[in-house]
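Here come two complexes built around subunit A, the first alongside subunit B, the second alongside subunit C.
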Partner chain A sequence: MTAGERLVTASPHLASGHTTPRIMWTVVASLVPVIGAAVWFFGPSAVFVIGAATAGALATERVFGRAGSLMDGSGLITGLLLGLTLPAGLPIWMAFVGGAFGIGFGKLIFGGLGQNVFNPALLGRAFLQAAFPVAMTTWPAEQVSWWTLRGDTFALPLMAGKAADVVTGATPLGLMKFEQQGTTLSHLMLGNTGGSLGETAGILITLCGLYLALRNYLNWRIPASIFLAVLVFAGLLHQLDPGRFPAPLFMLFSGGLMLGAWYMATDMVTSPVTNGGTWVFGAGVGFLVVVIRVWGGLAEGVMYAILLMNALVPFINRATQPRVLGTRERSGA
Partner chain B sequence: MPSLWHTFRHGVHPPDHKELTASVPIRRLPFPAEIVLPLRQHAGKPARPIVREGDRVERGDTVAEADGQFSAPIHASAAGRVAAIEFWPHPEGVHAPAIRIEVERYSPQALRPRIIPEWEGLTREELIAAVRESGVVGLGGAAFPAHIKLSPPPECPIDTLVVNGCECEPYLTTDHRTMVEYPDRVQLGIRIMLSCLGAKRAVVGIERNKPDAIAAITRTLPADLDVSVLDLRVKYPQGAEKLLIQTVLGRQVPSGKLPMHVGVVVQNVASLATIAEVFETGLPLIERIVTVTGRGIRNPGNLIVPVGTKLRDLLDACGGFTSDAREVVFGGPMMGVAQADLDVPITKGTTGVIVLSEDECKTQQSWACIRCGHCLDACPVFLNPQILGSLAKAGRFEEMNAHHLADCMLCGSCTYVCPSNIPLSQLFVAAKAQVRKLKVA
Partner chain C sequence: MGELAWIFLSAAVINNFTLALFLGLCPFMGVSGKLDTSLRMGAANTFVLTITSLCVWALNTYVLPHAPYLQLISFIVVIASLVQIVEMAIRKLSPTLFREMGIFLPLITTNCAILGLAIFQTNRGYGFLEGIVFALGAGVGLTLALVLMASIREMSELADVPEAARGLGLVLIIAGSLSMAFMGFAGLLSAS
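Then we have the complex of A and B:
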């Protein structure tokens, strides 16, 4: 070792080895089974929709992002997660636009990775929901052959849509809200129900999320507090009037709650940094989900619940700073 | 009340890598051809040289005297001739005044009449004076003069001596080997210190990854004193004074105060063994035990090294670098200082020399903060390193003060866990310096 080869760096000289790209790529890897389930339930359409959303996200990151920012894996996560929240029959150009919007206006406009206020995937989805409300709530029926495209997948942008000739179905939450019709819990847990691509397989999503929690790549307090809040609040309502309010377990396993709680709300950038704050954040998400589902005009409320709580994160952080050892003060005060 | 969990809250678990040297017996380094004694080897004012170029010195002679109460004298660690008093590379990364001594090649480096008296029969004042004369400082790294810890002001009565045998820094095994090979010296050091402090009890805290040290200290516990051993969970930075006091006694040292304000003095086992040693041999502090380790050195080991030995000579005695050696660190890997110059001397505060191989060095790349909050979970004093880091990058040092920058002890835990490899500790060192400047101005 010559003097020129010698490193002289600041302490500490050890690192845990859990780097940001490693965390991101592990999240990507943990999504593979969820994507697999989406393909299993929704056929080739799933590949096209998720692929288009991801392509939109990555292309925007590549063109407008910092040099090399594709390698940190965060743009890929946004694209995949957005794709998993879309209906299988969505025209792929819409999915592409959603991915581009999510990265461009959800992340890059704030200054890139770590600077954004809102979850980019959910912001992309919120944009699509506002721009294409019909396409975003058209759910394909379940009983078709695996190879059948679930909608007008290759429709051209902004052309007047021809009358959809696909058979449409409904999501369990839609059935519950608009037709007062239940869905068995086992179907909800396994995923063979209507819904967005990646939100149906509740048990699988939980397993993948648990893996990330065990690696400390997501804060377990967030899903735990969301589930707790939903169970308690929905349980109370159900006790009051079982005819009007759905059972808490149905609330837990229907719609996008599993995907949202394990993968969206736990986005490190847009959730609180303090452990105390994560409980507040998760409880808020759970409470809002029930409120929107029960009293809102929409069947599903996970997306807006998380986005609303995202906006409160700076205040939650400020209110939950840790108490400095040997003082009575909080470190942020 | 000791902690039920035998640990503190937060902190990190770096792999300890102590297997390299934990079972290697301490050996003695041959005298080098030249020794370099920096005048600043302790916390406080640098010592004042009392020799001149060309003077002949015996092993143990005082070459620089303490400059005031908050300082420590420095002694020749080998017989020889003063070659120069000049600026020399210092382990802190600067050039600082040092006394360079050419070691007499054929000197027997023999024992000589006692410089430090026997301890039995000395009064408290005489004991403290003897410790001050011996130049003993804290050997755990901070090099705080030992006689100051022995003489707390009368308004702070001390009831407990907490003995620090944690050695929570990875790689290092000097305290470990000291406890295993010289447990009686540690006990004698405790005895001397208790009698100086007038304290009734001592508790030795040792991490559980040193079962042989726990056994050795437990075996040699004195029957006539209230000394006990508490085994601690392995977690960094358990050896930090305030955290050790909290774990061992359940007392919290208020922010900005010292252990003596809660009736406690903390001393490290190597320092205690050295206090005992100077009274045993009659020689002042002129050598210390140093762990030389890491995958970048051929023969890792624990060595008794004359203070002032040049890094180069010590590395040669340990077989030299391996082909993939990359970085040389003085102290532990969490708080130690990387060395640019192999001519720097081992000082009284050098606990170890770690030669990191290519594989052991961490990545130099860093990424944007993703607000994961891992640094908040790591910080043992419950600061918010995430906010402190962004304030430091923005140069908002005054605000950092309001966020309790002063309570940061630069342990490096936040930086260790940071997935984006943001150099938080380095930012905080710089910020602390800026804050000092603001105060002076």
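Then we have the complex of A and C:
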């Protein structure tokens, strides 16, 4: 550009450097400890399952996505998060299909990053849950050796799997729901329990989430309101009948609530844009989690709670539009 | 009281007519483009559902015990004439709404949700009050599905959807996703 020539651009003129790829890659980096914990607890199976889910997501993004969209990191996040919500013994072809479905039908069909309605990772998981309900709820128990595969990992696609000779266990939520048996809180917090790959180490996920919240890469109001809603609602129920309803802290640290609240619900695309809306959104997620866990047919409800509130987000955005400064009217419309 | 509340919740959310039983899909696909219209479509459907439930109860109590072979045909006649009444009323009261709903208003006649309600109600042996609560629940559920779909579609209107999926294709995919999300309610309250 020669001197005297003016460059006319639209605002904003000061770029902070917080670009979409940078945020996404930071989120990926913050997931590394969580994945490490999954590998620590579940052995090589964790690597295979998370790897397959990620491969499914990335391959779909590469084939059907816009040129260069692979590098923004969002497909990678979807794959990693999906992998973390799967049980360790899942055959890897199912994980691959889940990743492909999540990216294809959860994101690309809506026009790519920023335009999807549902969280792609959770949509992929909901699809797997509907298609392979048995495989998705088979939880391996603690193994003798770290190297043991936790299930029929290399099953051929669409073939009847051979009976895997793995000891299966139950998740803390399943134990609570179907056998009225509690799990020690410290075990839940430190990860020494059965469950999906990423739902075992509550403390670690909280630390990673807090880091993102401090950098303002996720809206702290969403996890805060989810935890608050779960604590209040589960606490009330526990007060009414401690024998029947589990304690609120158990609710908070069991299942996928930590991963869901810090990483899934806070997805920038599928959560409300206004701060008021995020409180409504979080409270709704917390309420639905408790409703599905306590009264539903399933032991775990975090995925469905977040998906249902995702569906409400356009409505919440509409209802919580801020007023135009100096007028009584809501903006837009 | 608890029984009635369960019937309502079951029809509205757990076994949502549209998202769990896949009934009443044509207004769900056709009139879910705008939030206002979809709300009113939901209201019109709820109205027809409730009156149908009343008429079905009367038919089941007074007519059908004497002539059981008339069941389907009498249901259809009742529904068709009800829809005609609603159509005439809307045409007089709100010509704009009449135009917006277009073909989908008379199509309520063939809306499977309505006939489905009549048959469910008969098979489950619901009485007068239970039938009305069931119909109200089904109507609220249908409206809920319509409103969810409309708000999502209004947002996706500006999205850069691939050519192949534009229009009805995307609507069907959103409907499938919504339906998967509603699977979370499956089995709710049935254990207790």
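In this section, the second predicted complex is superposed on the first by the 318 of 333 C-alpha atoms of A that agree within 3 Å, B and C clash if a C-alpha of one lies under 4 Å from a C-alpha of the other, contacts with A are read in each partner's own complex, and residues count from 1 in each chain.
The rule is simple: a contact is a pair of C-beta atoms (placed from the backbone, for glycine too) under 8 Å apart; a residue touches a chain by one contact, two chains touch by 3 or more.
Because the structure is predicted, anything quoted here is derived from the model rather than measured.
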One more residue to check, A:T327. First (subunit B), second (subunit C), both or neither? first
With both structures fitted on chain A, tell me whether subunit B or subunit C touches more of subunit A's residues. B
Partner chain in contact with A:S11 - subunit B first, subunit C second, else both or neither: first
For A:L240, decide between first (touching subunit B), second (touching subunit C), both and neither. neither
Mind working out whether A:V273 is in touch with subunit B, subunit C, both or neither, as first, second, both or neither? first
Which partner does A:W295 contact after superposing on A: first (subunit B), second (subunit C), both, neither? second
According to the stated criteria, A:D72 is in contact with first (subunit B), second (subunit C), both, or neither; which is it? first
Touching A:Q115, do we find subunit B (first), subunit C (second), both, or neither? both
Figure out whether A:T19 sits in contact with subunit B (first) or subunit C (second), or with both, or with neither. first
Would you please give the residues of subunit A that touch subunit B in one complex and also touch subunit C in the other complex? 112, 115
List of subunit A residues in touch with subunit C within their complex: 105-106, 108-112, 115, 117-118, 123, 126-127, 129-130, 288, 291-292, 295-298, 301, 303-305, 307-308, 310-312, 314-315, 317-318
Partner subunit A, residues of subunit B touching it in the complex: 12, 14, 170, 242, 246, 252-257, 296, 321, 325-329, 333-340, 354, 356, 360-364, 367-374, 376-377, 379-384, 386-387, 402-404, 407, 412, 415-421, 423, 425-426, 429
Residues of subunit A defined as touching subunit B within the complex: 1, 3, 5-23, 72, 74, 112-115, 216, 219, 268-269, 271-275, 321-327, 329, 331-333
Can you list the subunit C residues touching subunit A in their complex? 35, 147-148, 151-152, 154-156, 159-162, 165, 170, 173-174, 176-178, 180-192
